[in-house]
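Heads up, the next two complexes both have chain A, just with different partners, chain B and then chain C.
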Partner chain A sequence: MAAQHSIQLPADDIRAVWQSAGLSNGVLGGLRSAALDEFLHAGLPGTRNESWKYTNIKRLADELTDYLQYKAPAEPDGSAALDLPDAIHLTFVDGVFSPERSDQKGLPDNVKLTSLADLAEAEPATLQSLFGRLARTHDSALVALNTAFAGNGVALVIADGTTLARPVCITYRSSQANAAAQPRLLVSLGQGSKATVVEHFCSAHPVFVNPVAELHCAADSSLDYYKLQAEHAETWHTAVQYIAAENNARIRTTHVDYGGALARNELKLALKGRGAHAESRGLFMADGTRHVEARLDVRHEAPDTTSRERYRGILAGRARGVFNGRIYVGQDAQKTAAELTNRNLLLSKGAEINTKPELEIYADDVKCAHGSTTGQLDATSLFYLLSRGVDKPTARNMLITAFAAELLTDISVPIIAELARNALESLQADTGGIRT
Partner chain B sequence: MIIDISNLHASVNGTEIIKGLNLQIGPGEVHAIMGPNGSGKSTLAQTLAGKSDYEVTAGTVTYKGADLLALEADERARAGLFLGFQYPVEIPGVSNVYMLKAALNARRKAKGLAEIDSVEFMRFVREKAKLMQLDQSFLSRGVNEGFSGGEKKRNEIFQMAVLEPDLAILDETDSGLDIDALKVVANGVNAQRDGERAFLLITHYQRLLDYIKPDYVHVLANGRIVRSGTHELALELEANGYDGVLAAAG
Partner chain C sequence: MASKQQDVKDLVERKYRHGFVTDIESDTLPPGIDEDVIRHISQVKGEPQFMLDWRLKAYRLWQDMQAPNWAKLKLEPIDYQAISYYSAPKKDENAPKSLDEVDPKLLETYDKLGIPLHERARLAGVAVDAVFDSVSVTTTFKDKLADAGVIFCSFSEAVKQHPELIERYLGTVVPQRDNFFAALNSAVFTDGSFVYVPKGVRCPMELSTYFRINAANTGQFERTLIIADEGSHVSYLEGCTAPQRDENQLHAAVVELIAEKDAEIKYSTVQNWYPGDENGRGGIYNFVTKRGDCRGDRSKISWTQVEAGSAITWKYPSCILRGAQSVGEFYSVAVTNNYQQADTGTKMIHIGPGTRSTIISKGISAGQAQNAYRGLVKMMPTAENARNYTQCDSLLMGNQCGAHTFPYMEIKNPSAIVEHEATTSKIADDQLFYCRQRGLSEEDAVNMIVNGFCKEVFRELPMEFAVEAQNLMNVSLEGAVG
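Then we have the complex of A and B:
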């Protein structure tokens, strides 16, 4: 089939599925309904669409109606929450918040953690102000899809000046095959507040997971955000996070991706206030015939904003990686400093990476740099280790781990680095057409 | 005989660099190889260590009675061959001790010994680091990462001391060392001499040989050993240069 700009969908079928799921009701009913129209009008993006050039979701489109068919969440399978004893643990099953599997007690007074359904009852105005505050349905058909089908999500609102010392860890689990999960997370950090948020995606079934997170960080606040994507090997995962930083807010994001059949993550970070700062790092890896994709859109919209983005990819087998990083510096964002790097390691002859770091600069007094490199394991380093008597698989593993370890230092949630290391070791076992 | 190299020919990218080299080293012996830049000294060392870029096109190398050329680089190391690199490689993210522990345990396994206990390993490694006057902090740093030129060379000898090889090939370990460091390195080598362990020292400077007394000195030129002698030969080279010696060799 020829490349197309968008993939047309069986609109009537999907609309019927949507109606039978009762999504038109409640405070969000109107929003959902508009988003559904927008989604059906747009269709799913085809490979003619520039930002989907390397990402073919035709097969997902073919099966979309089945995925979207309402299926009540049951008992989830597979891996449980991350081993984070101090954390406030929240659980979603099939994209829907599961209060009975979540800690909701013992939160500080100034921290509000509520399901969107409860918030709709108690404070509909708050819900309306948070939902869609940053996420735009016309940004992407998948954001529209998430909005149209969003079930019960979660809102975390932290009052001004409050430090939430315990990390909030959200585990996204699955209970059945062929379900579509459309989780929505809304986070609002008040002025001068601090929080650590961990999103852990670990479906145990072949499912379609299409999460949207909106995190707003008010002036002087500080957010440490982690996302770990360790989905079932046949899962479709297409995630978008929107993060906005006001004056002097400090953002740090860490993405680790190693699961799924096709896993695409888009981070949209807007430095809206003077002096806002963001550090983003990402480690993505894939083997077999998987597709992994990291997209980054950092907007410097105010003066004196700084950002540093470091992404590393490791591809084995016949896997394909895509990195697309864009730094946009608006006209008013004088004295911006930004540095974007992407380094990739190809472990086999069949592995592939398409990388595109971009700068788009409209201010004149800025310091921006970007670069990307792709290579194999360094033959000289490998020989050095071999010459010490270390066997080849171990030596390769040391070098691969080292490549990732340089990125994963200073992690406040060490279990993530540990899981990444384990994933690297299994990647290592994928020896199809090894490169030395 | 520890190693017996006979009529060795080796090429890189189709260019022959080693052109029929013969050398025998017996147990406990120290041999020095000197020779002009580009004569093939490092090529010889790396070929013996098993670097895959170097293709052996003719000749044999018998190491402790077995065919060395049939072994992979890591197998050679586990069989007790050690190469001290002319240009030690920096490997950020892999700590010195981590690499050494893996290397030592691999070597012990090959010898039929159990893995070394962690506490015992650290004690052993600290003692060797002290001998090489390497600060303890170097143990946890990435392999050679940010080390000065001299520190890298000391780190090579430190690794040799930990791995206790049967044959150590030291490629210009003395280059770039200050006078004190040269003594430290020489002491490190001398401490390893036990009448069994053999050494092949590649050097440009006769001064190293004042500290580590060689049994034989060879001159390598254009891929062949063109002259062999005793320590006297090194002194003669120092006095007359390669031109004089090579002319005399005809």
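Then we have the complex of A and C:
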């Protein structure tokens, strides 16, 4: 029985596909099986569901069984890893960790990097404590789907007091069309540790990518997280990241989204310990008929927690953008300060943005604010540049770049800023019939 | 024999069925709703056929609808068959004969609110004839309005006197199928107000003045229709600051405003229904559908509301900005204390080019109350150069209450500019300290800060009401400080 407002799915077919893929075995078999039941019970969310109001995945639902059909990963195509010489590079192909394409050498002793399969054999208890520690299958049908079909993922465990100076860069590639990728990344930062994690999604085929990442940051730890979504133009991408911060942990997240036919990213950030601080920024852009959605759910659950969220969207052509940012302040989270801004730029007549910044506050001694603006390029600024002899395309490009610039400074992985700027340039070509 | 008995039984039942219609002399219908109840209401009110058909259509739609559950409200399901849908206006016999017979606590509140003496009696339900001759006052106003050509009467009167206007405009802004409560209202509404301001007329007075003197017991399902024809102007005030006691727990009103070319409607509401006691028992459920349609170019509709009462408030006064350069405004103060819950806000639908809207919403939450702003700003592809500015501020008093903001913005035109900002905070300790240091009591200091917080909205109210609204704020938040 599908839940209310959800899309009907061929439950028997999906169950058969799941069984034939042998996912009921191993340490995670029970978890997967329960998640499958939950997924089939919930069904994929329809647009009557409040958090899917503007994002319609009916077509994905129609093709889901085909996507889920097991296909053994082959040699991946397309773009290789990001140009980060000192990084530890890991590769996933079709959602499955590929150790032979990953470099696990030269890691400090107190940093453990293992595939989930190896971890299941060596330390099943550790795996069970990490897998599903933050991600809840009842949060969303897609998290349940990822759990039910999760292949071999990766776990990164950093011991207390360890600083991992080299960034960990995970590249998610594809080897064939119509495959479904359900990658799972588990990160655990010990007390006082430090790490930089980069996730790079760059499918070369039209696929369905449904990743879930769980990052737990113990007290006094510091995480710098980047996600670059540059999927194939016909790919479905629905990602969720769970990040939890204990006492005085510092979190910084940067999201850059410019690929996919339909791309949705959900960041769930829980400030669980006193004094935890998070800084999140996101740049989402789309042209053509793409659909991009950025969702943010920041929960202040402890006193003295602070957060700042800055998201910007640029929509060209007939693209559709969705932003939803929620700041939740629980009753115990006194002395919370939170500030969220969302600014959107519509570059052409057919472009559209639906934005909803939310505040949900149950504590009184707080300072919370959100702001959102939407508009087109400022005519006065444009005129100023033209009057100085700058030609129109260059002038527009300058203004668009300036709009995005605030989010692209202070990036410890400079290649991401560079790729984002390139994407901006190609974006501005698609301006439809805009009047300037 | 058995067949004879059956016949007798049928006969008895049939008689009862007819009796149901003929015995209507009684004041109140038994609880429950069905088509007979609606026919009865329509008959009692002497309505033409088109009204009955309209009501029945609404009722049939309503039967297939479900009460909305998306609002941030916690309430027990309402049993719609347990409500009586018609009750004749109360007779004056049981009313107190003079202010001496009125509950002194109520009088004390009037005093705090600074309500003029001659109005207190009416508000307390003292039989009007016993106090002063309101008829003469009413007549003066009526003459003045008639001279201007303004039609202002009860809805039932309008149905009889101006059926062509009713037929033309009723349900054109809020159709019967709009939502669950609007459908219910359309089926069973008993009375309300009707205003028609003809072309080019500036209504010579605030219709509030008249209303306060003439307000009838309109019951729990109120229907208001205001039409401002080309180039006209009208200001209407509904409700009043005085606490109003009402036995009906469910209120589902519908208000429709229509502004033609160059017309302007200003609609102000002060709502102070019984909010329930300190423990959240009792209180009015207020589910209101209010919508204005700026049909003509350069028309303007402005909503101002001060929501202080009701256990549950579900209300989103909206503007459909259809005409080019039309303007929509929404100014709101919502105060919740104890166990009150409010989910209120507005919708601004920009359709015409150059349309503008402003939303200023102030929410104050104290005690165990939950206060949510929910708003939608929609820029349609046709809304060239449209503009919106939204500001939502929330003030929290006490650590058991909640303040929430859910603004939706849907923008489909690049030349439109939409701005939204929201803040949530408590009264800063340093502000309070400053006032205390200047010799103000804590309560006075809080009142002063709260009034400052709401100032942008209060100044939109007609002057004498602004003063009362300020006092209302202080009374509503009594006991919330400290």
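Definition applied: the second predicted complex is superposed on the first by the 431 of 436 C-alpha atoms of A that agree within 3 Å, B and C clash if a C-alpha of one lies under 4 Å from a C-alpha of the other, contacts with A are read in each partner's own complex, and residues count from 1 in each chain.
Simple rule for what comes next: a contact is a pair of C-beta atoms (placed from the backbone, for glycine too) under 8 Å apart; a residue touches a chain by one contact, two chains touch by 3 or more.
Quick caveat, the model's predicted, so the values are computed rather than measured.
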*Looking at the combined model built on chain A, do chain B and chain C fit side by side or clash?*
fit
*Would you mind checking which one, chain B or chain C, touches more residues on chain A?*
C
*Could you tell me if A:Gln376 is touching chain B, chain C, both of them or neither one (first, second, both, neither)?*
second
*First (chain B), second (chain C), both or neither touched by A:Ile353*: second
*Could you say whether A:Gly22 touches chain B, chain C, both of them, or neither, answering first, second, both or neither?*
neither
*Mind working out whether A:Pro124 is in touch with chain B, chain C, both or neither, as first, second, both or neither?*
neither
_For A:Ile361, using the defined touch cut-off, is the partner it touches chain B, chain C, both, or neither? Pick first, second, both or neither._
second
*Please work out whether A:Pro108 is in contact with chain B alone, chain C alone, both, or neither, and reply first, second, both or neither.*
neither
_Quick check for you: in the superposed arrangement, does A:Thr394 touch first (chain B), second (chain C), both or neither?_
first
*Looking at the superposed set of three chains, what is the minimum CA distance between chain B and chain C in Å?*
13
*In the superposed arrangement, what residues of chain A touch both chain B and chain C?*
none
*Please give the residue numbers of chain C that touch chain A in the complex, ascending.*
70, 381, 394, 396-426
*Which residues of chain B touch chain A in the complex?*
49-53, 72-74, 76-78, 82-83, 85, 88-89, 91-94, 98-100, 102-104, 106-107, 110, 142-143, 159, 163
*Sort out for me which residues of chain A touch chain C in the complex.*
50, 331, 334, 344, 346-349, 351-376, 434-435
*Going by the contact rule at the top, pick out the chain A residues touching chain B in the complex.*
379-381, 383-392, 394-395, 398-399, 401-403, 405-406, 436
